[in-house]
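Letters A, B, C and D mark the chains as written, and numbering starts fresh at 1 in each.
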Amino acid sequence: MITIKNLSKRWKEFQLKDISFSLDKEYCIILGPSGSGKSVLLKCIAGILKPDEGNIFLEGEEITNKAPEDRNIGYVPQNYALFPHLNVYKNIAYGLTIKKVDKLKIERKVREIAEFLNIAHLLDREPKSLSGGEQQRVALARALVLEPKLLLLDEPTSSLDISIKEEIIKELSKIEIAVIHVTHDLVEARSLAEKLGIFIDGKLLEFGDKKILDKPKNRKVAKFLGFNVIDDKIVSPWDVKVELGGEYKVLNVLDYGYYKKILVDYNGTLLKIFTKKNISIGDKVNVYIQ
Amino acid sequence: MITIKNLSKRWKEFQLKDISFSLDKEYCIILGPSGSGKSVLLKCIAGILKPDEGNIFLEGEEITNKAPEDRNIGYVPQNYALFPHLNVYKNIAYGLTIKKVDKLKIERKVREIAEFLNIAHLLDREPKSLSGGEQQRVALARALVLEPKLLLLDEPTSSLDISIKEEIIKELSKIEIAVIHVTHDLVEARSLAEKLGIFIDGKLLEFGDKKILDKPKNRKVAKFLGFNVIDDKIVSPWDVKVELGGEYKVLNVLDYGYYKKILVDYNGTLLKIFTKKNISIGDKVNVYIQ
Amino acid sequence: MDKIFYFILSITFLFIFLPIFYSLTNPGNLSYLFHAEVLEAFKVTILAGILATFISLLLSLPSAYILARKEFKFKKFVEGILDLPMAIPHVVVGIMLLSFIYGIDPLKELVGPYIVDNFFGIVLVYLFVGLPFMLNSLKDGILAVDEELEHVSRTLGASKVKTFFTIILPLIRNNIITGSILCFARGISEVGALLVIAYYPKTVPILILENFNNFGLQASKPLAVAMIILSLIIFIILK
Amino acid sequence: MDKIFYFILSITFLFIFLPIFYSLTNPGNLSYLFHAEVLEAFKVTILAGILATFISLLLSLPSAYILARKEFKFKKFVEGILDLPMAIPHVVVGIMLLSFIYGIDPLKELVGPYIVDNFFGIVLVYLFVGLPFMLNSLKDGILAVDEELEHVSRTLGASKVKTFFTIILPLIRNNIITGSILCFARGISEVGALLVIAYYPKTVPILILENFNNFGLQASKPLAVAMIILSLIIFIILK
């Protein structure tokens, strides 16, 4: 179990403000806009940055000031950070070698984790010859082989193509230890979250289960999730009905194939509506907010 | 009107193979996977690269070997390429200044185009102080102010956040000259295309109106667009019905909020299905292909 | 670990800093700096430096553009040769230039009289040793200019030449300044090659050496301090 | 435009290439290279170069790590000072080091006897002028190593020291080689500072200068060519 208490940190242009939450052996997604400093949270938990204030407990023990090498927390940064001078096998074995584990045992464990993540065929390759998705799996394997108490993932799919991204999400869903995974990707959040936190401007505005995504209470969160905020009410774009003919002007239409996202000038506010109707830019429409 | 005839070009690791198409005053989207060399096509049309074979005609006149400065074709590269030593006004005015247009006329034209693209308030700013979306508008203005016969856009929204992307799509939909816009983004294609070409591995596999997106005939194109190809038939993921209980295993579930994308092991092929049902990884299902 | 590393950094720093600091605070008799021979040496050094830097700039601008933008056979070889003057020992540069000019008859008749113990000999040496610094600085600058800027400029109606002057030149302004300073500084500190080619007219480093040989350490100090200060000024501009 | 630019590049290339090429093809009497004094000069030059490079590496590894990874007050100033030896004229370096050592009494007694006309005086000069090249090369190397690699290594159980040796050192291997070569090459080409501090034991550039002064151009050619070839070898390894 990991518990974060009143964590604050300023680092470069980012900051964390009074973050508190607690987590069992769950898959926790921290969702927030890109560039909002979610990585700083992970770096504090990993021990790479020292918090300005607050405490971190791992399985009951305070680890706030422990060196990263004494925490047994897995960390996978956004760029994977594979060691370029070591092949895939040696990358995965790195932590075990440092711990002077017996060679045969290293070999067995590396093969096991490589098979679990479908990279057994890559063990002799150099990191730079791997695709983004393969690199991500190797970085995961390198962290998981040490059986960490907690795994930290920093935007693990942000630089991957959509189909590779889906495969990585599949691999991640197999992990059974506690995970904190920061991302700005809603699909990732919906697909993986057992616990979910929403992080905006350095604050953890909501924390709980993933229903938050469908029924946000906080207005900042609602806006970030793409909801309309009209007369202080939070309205999903699916809950606005639209009809051709009326007084409101359609400013923009994005065609997502199965449905369209239309943006309507509703008495000066921009109203987002999802619809399957055939509406074009410049049309006049009527809207019904439910 | 622009006509491309049997254009071929090898450049770096990319190549164009025998591309032919013709375009009126239309908005044409060339859609293809990222990194497939679509930019090479634009560079040939702009005159930056010389084709190995083939001809290019603009309004009846052959321009294949003309210098870029004599073509009057607007070009907006992927990174916008604003001149960093000139402010926004001077960036937009650059082409007119080169042509030694009268100062007052330059001033009038720059203000006109800046208002058209909602960047009139940015004219005194330096390019590096602008956001990505603002830079994109300035780059558009700089090209459009010369009233080119054709505008070339290279992945104009690929590095923008989703909401800025939607705004840029809105601006682009206002352009009324001939446009060739290359992208790998399906929403962009659906939202803007009057004509549409599909570009895979250096070849233009389909060219026509945007119905191609819903009814692809070529199997490579279908795969790129996310369709299933089963027993040589092209099937939309919406046209596969799924039910809990059955013999096929669910390998992955991506939760897009309004619907789920599920991947099913269907006799060894990976079947993509869109559904609103609540299905999880590992479930066994039955599928009905329509 | 950090403490030991900081300690070694301090030693390294003091090793460089203390001699410089000591020299600056013990400059000897500074009034010597106003002797006619000193002023003359400074004039020769600086004029030769400026002339060599100017020629170097004229040669390097087009050369750097080609090296940065074009591919051609043996490009690596050409770039290697152009870097060589940085690697050849200073005295050897002198011997090399001298034996080349005096070894080829038409060259000997044409430029020979203007080299040995001549102002233009100094310029020649400065140019030879300073050119790679200018060239590399400009090349780095042009490489850092996104080629798409040139492409866009062309599609906006500017010719190649126009694009070079309106886009490239303003964008590599800092590299031109850096390159000029490096080229100038490398030139005026040269002594080995000048001992071979042009002892006269005396440059400042030659005069320092002469004073040291004839009158000892104390006599050469004020000039050395003046040169350190000149280097410092150049250096501060550069940073 | 391209044609004119290519033409100027050719001139620039020939200006550097022809003297080098001419010297290499007209080396004079090469048997002189096997005289005892020549072999002795090469021995002194190379040994002093290796020793200075080695000390420079030991000082630079920790210093470069701190400069690349840590922020501290006056860091810019420290970096500026550490670059200075590249900007100070060669003769002035000699005057400066000499007046520093002889100006401070305990230093004079301690190291004074080992400096003037002494092998260790040569090493001192080589170290002073070569250090910035080593330091900058290593600093560039460490800066190019993504800091996240160190972070990950720590979370995988490696201490700071362990991470330095298992991640940083192997990744900057090429920079260590480049830095060593640059430092060595800068050292062995020095002549100005040696004329002040240590004329004896004679290094190769000093011997070339002596031969030129006593016996003229022809006598100094073979040694000059040998040094060019040595520089070329160093240079080719470097590329």
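Definition applied: a residue touches a chain if its C-beta (ideal position, glycine included) is under 8 Å from a C-beta of that chain, and two chains touch if they have at least 3 such contacts.
The model shown is predicted, which means the values in this text are computed figures rather than measured ones.
Which chains lie in contact with each of chain B and chain D?
A, C
Starting at chain B, how many touching-chain steps does it take at least to reach chain C?
1
Taking CA centroids for every chain, report which one is farthest away from chain C.
Chain A.
Just how far, in Å, is the C-alpha centre of chain B from the one of chain A?
28
If you average the CA atoms of chain A and of chain D, how many Å lie between those two points?
Distance between chain centres: 50 Å.
Between chain A and chain C, what's the gap in Å when you average each chain's C-alpha atoms?
About 53 Å separates the centre of chain A from that of chain C.
In angstrom, rounded to a whole number, how far apart do the mean CA points of chain C and chain D lie?
17
Indicate which of the five shapes (line, ring, star, complete, other) describes how the chains touch one another.
If you draw each chain as a dot and join those that touch, you get a single closed ring.
What is the complete set of touching chain pairs?
Taking the chains two at a time, the touching pairs are A-B, A-D, B-C, C-D.
Could you list, by residue number, the parts of chain D that touch chain C in their complex?
1-2, 4-6, 8-9, 11-13, 15-20, 22-23, 26, 59-60, 62-63, 65-67, 70, 76, 78, 80-85, 87-92, 94-100, 102-104, 127-128, 131-132, 135, 160-161, 164, 185, 188-192, 195-196, 204-205, 208-209, 212, 217, 220-221, 224, 227-228, 231-232, 234-236, 239
Mind pulling up the chain A residues that touch chain B in the complex?
By the definition above, chain A touches chain B via 34, 161, 166-167, 169-170, 173, 186-187, 190-191, 213-214, 238, 251-259, 261, 263, 274, 281.
So in the complex, the part of chain A that touches chain D is made up of which residues?
Listed in rising order, the residues are 43, 46-48, 67-69, 71-77, 79, 81, 83-85, 94-95, 98-99, 139, 142-143, 146.
Which residues of chain D touch chain A in their complex?
Contacts found on chain D: 146, 148-149, 151-159, 162, 166-167, 170-171.
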